[in-house]
Amino acid sequence: MNGGGGFWAMGGYARFVWPCFALALGVLFWNLWSARRHHAQALRRAERALAMAGREGR
Amino acid sequence: MWTWFYRLASPPYVYRIAAAFAPWLLGVAGALIVYGLIDGLAFAPRDYQQGDAFRIIYVHVPASSLSVMAYTLMAVAAAIGLIWRIKVAYAVAAAVAPIGASFTLLTLVTGSLWGKPMWGTYWAWDPRLTSELILLFLYFGVMSLRAAFEDPNRGDRAAALLAIVGVVNVPIIHFSVVWWNSLHQGATILKLGKPQIDASMALPLYAMLLGFLLFFGGVLCLRLRGEVLNRERQASWVREAVKS
Amino acid sequence: MSIGTGAALSLLLRRELCLSFRRPDQLLQPLVFFLIVTTLFPLALSPELTLLREMSPGVLWVAALLASLLSMDGLFRGDAEDGTLEQLALSGQSLGVVVVAKTFAHWLVSGAALVLVSPLVATALAIPVEAFPIMMLSLALGTLTLSWLGAIGAGLTVGLRRGSVLLSLIVLPLAMPLLIFGANATDRAIGGESAAGALYFLAALCVFTSSLAPLAATAALRITLE
Amino acid sequence: MSAHSKRLDVDQVHVFRGDRHVLQGVSLKLEAGEIVHVRGPNGTGKTTLLRVASGLLRPEQGSVRWGGRAIGEVRAEYQAALAYASHEPALKSDLTGLENLRFTVGLKRSVADAELREALEQAGVAGCADLPVRVLSAGQRRRVTMARILAMRAALWLLDEPFTNLDTVGGQLLTQMLDEHLRQGGSALVVAHQAVTLKASVRPLDLAA
């Protein structure tokens, strides 16, 4: 285990290491969330298109 | 043998298998990343020169390699779309762009956070970070060009062409930035190269690299489903997809 | 049968130049823009000559790039709007010949004109006269390369209403290498050192872009025309 | 004056504009000496059909063949045999009538100015030869386009609303031009919302809504 004020201090570089990892997880979860939202929107748009198509009796 | 490849061009098939692959890819990726984080942050020994700051490579390096790989994949999908007029290929290219851009952004921020302890400033025009910055502009160009067209088909083709032109220029840009950097600063004090890492440091890095790659694949599958749906609104199979 | 490519090229070149000189005001705009932008820097920084000489290659090149990009949006837009672009596409000549002729004609009236005006600007930026030949050569190569990249951007954005900002956003990242080599060549010329290295890279970039960009620009135009 | 035409086959053409299915399996055959009048309310894809026939627009499905071969393969020959007049008279307003002809017809075949002036004469706009198109009226511009089509000596005419902005004299002139073109073995595909009455028999093609 590394010393220097314990694990959280990151040898004095905590100010730089932890934000990096926080942002990394942020980007990973943003991608997941955005992909799901994108798919949901696509489904809604498809439903609307189908509903319109249905009405025009095409 | 070719039927497998040929079926990849059919939207309903891709829509289904993307749904099947995504959970597996994301699951394995999640495990690898968790392991990589724990091992990399807690157990890997400190770098004799950079101390604990070097741990940033465990997110910086996977993100930067993904950002370039994603752009290349986007260009390949774009080329397949343009040459064989396969709608799914355009959907892949459209799906990859935001993911690649997000990793490019991650690379830039982690790179500058890593630069601060090393060079004392958040941005020292390091050649690799500058190339990443220009790559972000290229991503942004492709995405805004696609969005500028009302007709999605034409937007896909225009963005595809720009992606191909962009990928041809990526190495040229990188070379000229490295050349430019070597002129003005001489060798930077500590090049942002990968520090020589021994086995115990390397294992978590490979885990993170593979983890990010699989994660990229999983998110691509999810986003691809939306893109395929957007381009197939008229098709009959969409009715079942919407109902289920 | 239709006329040969050479004859078509010269005819199209004459058409473009004839069209350009019918609107001389639009020819002058990029040049005046070039002068104005370069005058901004001494005002913003300081008239002190030694400092200016330090900044002058960068200022000259950035101003030249932006001035060239200014008129790039109109490369195909004029013909697309009045329907003549369709006639050109159906003229029996390959679209590539049309793109090459239009882009080269555009470079003559914008890029080459900038090169001719550049000594004026260079003197204002305290660039020594000895550096003029290398500077003008590098500017010529740089603006030609940029015209080819701009043709791709113009081809992609011709169908869009407000395409000009997007055009710059697409072209500028691709133009960064030529800015690096061009500005460096001028910088060395000012310093009296040999600018051969940078010039060779710039020339290589120009040849590479001049050979591939027409294909890309034609494909871009075809996407928008269809 | 016009070259002899080959057979034009438009076969089951489908075109989508975004979500709209603009052309749904349209087909047509056009032999030498024949004329087809494309009719239908606005927005039924009349112009789209013309653009597909000219090769400007590639259909999602279906094919266009000239003399039995796909126009993609015989692009140069097909374009040489083609005169396309779009809805708007495609002229550069900064150039004179003669210059407009010189830079469009001249791309197809080497042609002397005298011949171009004669075509303008035939279209009744000889006076406009040396005036910038900017100052011409819409009718005069339409006639300059007619002169361009005459001077091209094309086998196949694709005309989109050619009668717009034409006065009665102009209309008659265009009708004579069409008859003469068909008599010499040319063929024509004309989009017009008003009637097209010629000596030759006009085959209508109605595009449903």
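Chains: A, B, C and D, in written order; residue numbering restarts at 1 for each.
The definition used in the following text is that a residue touches a chain if its C-beta (ideal position, glycine included) is under 8 Å from a C-beta of that chain, and two chains touch if they have at least 3 such contacts.
Fair warning: this is a prediction, and the values are worked out from it, not measured in the lab.
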item	value
Dominant chain pairing [most C-beta pairs in contact]	A-B
Centre distance in Å when subunit B and subunit D are each reduced to the mean of their C-alpha atoms	49
Rounded Å distance, subunit A centre to subunit D centre (Cα mean)	54
Gap in Å, rounded to a whole number, between the CA centres of subunit C and subunit A	41
Inter-centroid spacing, subunit B versus subunit A (mean Cα positions, whole Å)	14
Junction residues of subunit B - those touching two or more other chains	233-234
Of all residues in subunit A, the ones touching two or more other chains	49
For subunit D, residues that touch 2 or more chains besides their own	19
All pairs of touching chains, each written as two labels joined by a dash	A-B, B-C, B-D, C-D
In the complex with subunit B, residue positions of subunit C that touch it	152, 156-157, 159-160, 163, 166, 169-170, 172-174, 176-177, 180-181, 184, 201, 205, 208, 212, 216, 219-220, 223-224, 226
Subunit B - residues contacting subunit D, complex	150-153, 233-234
Contact set on subunit B toward subunit A in their complex	26, 33, 37, 41-43, 45-46, 51-53, 55-56, 58-60, 63, 98-99, 102-103, 105-106, 109-110, 113-114, 116-117, 215, 219, 222-223, 225-227, 229-230, 233-234, 238-239, 241-242
Sites on subunit C touched by subunit D in the complex	1-3, 7-8, 11-12, 14-15, 18-19, 22-23, 79, 82-84, 86-94, 225-226
Subunit B - residues contacting subunit C, complex	82, 134, 137-138, 140-141, 144-145, 148-149, 154, 157-158, 161-162, 164-166, 168-169, 172-173, 175-177, 179-180, 183
